[in-house]
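My questions all concern the structure below.
Here the chain labels run A, B and C in written order, and each chain numbers its own residues starting at 1.
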Amino acid sequence: MNYQLNQIPFRTQKPRQSGLTMVMDKGLSLREAEDFLEVAGAYTDIIKLGWATSYVTPNLREKLNIYRNAGIPVYFGGTLFEAFLVRGQFDDYRRVLDDYGMEYAEISDGSIDIDHAVKCEYISKLSRQVTVISEVGSKDAQKIFAPYKWINLMRAEIEAGSWKVIAEAREGGNAGIYRDSGEVREGLIDEILTQIPQERIIWEAPQKAQQVWFISLAGTNVNLGNIAPSEVISLETIRLGLRGDTFSLFLDK
Amino acid sequence: MNYQLNQIPFRTQKPRQSGLTMVMDKGLSLREAEDFLEVAGAYTDIIKLGWATSYVTPNLREKLNIYRNAGIPVYFGGTLFEAFLVRGQFDDYRRVLDDYGMEYAEISDGSIDIDHAVKCEYISKLSRQVTVISEVGSKDAQKIFAPYKWINLMRAEIEAGSWKVIAEAREGGNAGIYRDSGEVREGLIDEILTQIPQERIIWEAPQKAQQVWFISLAGTNVNLGNIAPSEVISLETIRLGLRGDTFSLFLDK
Amino acid sequence: MNYQLNQIPFRTQKPRQSGLTMVMDKGLSLREAEDFLEVAGAYTDIIKLGWATSYVTPNLREKLNIYRNAGIPVYFGGTLFEAFLVRGQFDDYRRVLDDYGMEYAEISDGSIDIDHAVKCEYISKLSRQVTVISEVGSKDAQKIFAPYKWINLMRAEIEAGSWKVIAEAREGGNAGIYRDSGEVREGLIDEILTQIPQERIIWEAPQKAQQVWFISLAGTNVNLGNIAPSEVISLETIRLGLRGDTFSLFLDK
């Protein structure tokens, strides 16, 4: 840190299991990726190349190298898994992961309907090849699950081999764990946290108000995802109680 | 593409008449312009330097060269034409276009009232100097045209020499073809498309929901404009059915 | 300017007392800072490193040098002052300012409660070390001051030694001089301007509609703050009547 401030809350260190910041890269140039790492690399635990952007970005191998050289794991968004699966190309997907030297992969069912036992088989199968992150929740704002359903899904996916489960929010933060308005479904989160260990969940929280909400509920070292590269510094100050929104949260009374 | 996916919808190739992506540059630095081209140049058909930003940006000639060297046409926003015209400086405008070697220009009447026959004369006159894009619709959210009026205006401007007509949305997507809320005026679009060939229209669609709407209505290769440089990759995945929003649109049933 | 347009409103020149554009840097990389200066340095009067981002950004001294070499004053956001003060580390704060060679500082009470006479003492004390900018208004959207209160606070802070007073808006533009909806509290602004010289106030106006509103009310050369680096060019065109929103404002009738 650039100077000494007292009463800064404890922050876990990389590589960490809780307090993760997962960043979404929607198509940065190589130089932009370098700039992002210069500023926020120290606060970024894992990077997702959003949905299937990896199909069309021209700088894929070079960018993967930039992130790997910085020691930050990187993976393709779950929509890419779904795109291969729905086309009957799951084996091609595995080969693509190998070809690009991927060590992590996301399995989701946000855009397709898939029997949950089958999803768990894919998690199990893929977790013998890479570290699997799986996503629970639909991108469809109309599909609302009851809390016990969320809990059962998360538990089954962890048992099947997921390293972490991600609670879906869409990039705009208006589905899954959020209401249409972008507000958090508070009762849902509370209930999930009574049953699933917090360090196994990454909450998608693309908007500042959502980040503040989760940090207020679950503390500095909550796992948060879908953070924009330009917002990682802001998030780190929110975690440390150094932005207005959480300013008094960690101070001695 | 970086790997093989089946059932990807047909995408027209550059230089294309339909499926155009028109990008709005609101004042990129030279390095940012290069970064944008690195990532999204292959998916960008034409670039607008937004409204009269070209008056104040210090890097104008160099930036025009960067875009030209990438083989992508570039033009000044229509508000610049209006700014010259309202000051009685139309001849100065023509000289500026020459001085900067512009091969395209936009003619609009979003901020000024101008008799439509007179507007068409300007289109006709300028189309002997450059390729003209003309814009229909007011920046004033209060000015609502009936569909037949939109159709008559578009048809007259095409006959006067416009290469394409742009349907105005403002940068924020809250006027012209959109309601105040940013929602598309659907009936209007449907009716326009019965009378004007789709490849002659560029729909301004700065917001993701609008892009999704037009692609769902008119397909992968609809012309869309006012796209932010950082959103071109996202738009390309939406066109190809590789983002959640259009995921099932192009798949065999 | 890149070409000649008539009837452009008078714009004050740097270094200026009115017509200031204060830009908020939330964590730019060094290259991004250079890019911002290339495009918008000529239109940027002063730069704030937002809230306590300076605590976590890894490139602090280098970035301060980049801005200083461009001749643009830079200061740490007021939340940093509050973070030191609330921890009983005010003397440390003064040493940090010295250590980093800061010539400006912000004093605010947006996140803490502090007796106003005490705040004015800090302004007075710090103004013997650096040029002080002080901020009036709470980040708490629930704390609404009556106009006479705003006027008294601003006047007292100017008398205590503030070079400028900033009217708080939060980054999102939804507190202080703004309603929750982001709309300007018009009557409040009008009344403040009857009592406090306009050149002593910087209005935080992060959103375009707010910038348009203040320029329409108080003219091209109103002081505006919390402008995003990528929006400075847009703001300059709005000041000059070269964007749709203020297009007719400065034209002869």
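FYI, contacts are C-beta pairs under 8 Å (C-beta built on N, C-alpha and C of every residue); 3 or more make two chains touch, one makes a residue touch a chain.
Everything quoted here is computed from the prediction, not taken from an experiment.
Colleague: With over half of the numbers shared counting as same, classify the chain B/chain C interface as same or different.
Modeller: different
Colleague: Give me the C-alpha superposition rotation for chain A onto chain C, in degrees, nearest 5.
Modeller: It works out to 120 degrees.
Colleague: Could you give the separation in Å between the centres of chain B and chain C, each centre being the mean of its C-alpha atoms?
Modeller: Spacing between the chain centres: roughly 34 Å.
Colleague: Residue numbers in chain A touching 2 or more other chains?
Modeller: In chain A, residues 31 touch at least two other chains, as defined above.
Colleague: Considering only the defined contacts, which chain A positions touch chain B in the complex?
Modeller: 26-32, 50-60, 79-80, 82-84, 86-89, 92, 96, 99, 110-112, 139, 170, 172
Colleague: Mind pulling up the chain A residues that touch chain C in the complex?
Modeller: Listed in rising order, the residues are 1-7, 31, 34-36, 38-40, 42-43, 208, 230, 232-234, 236-237, 240, 242-244, 247-248, 251.
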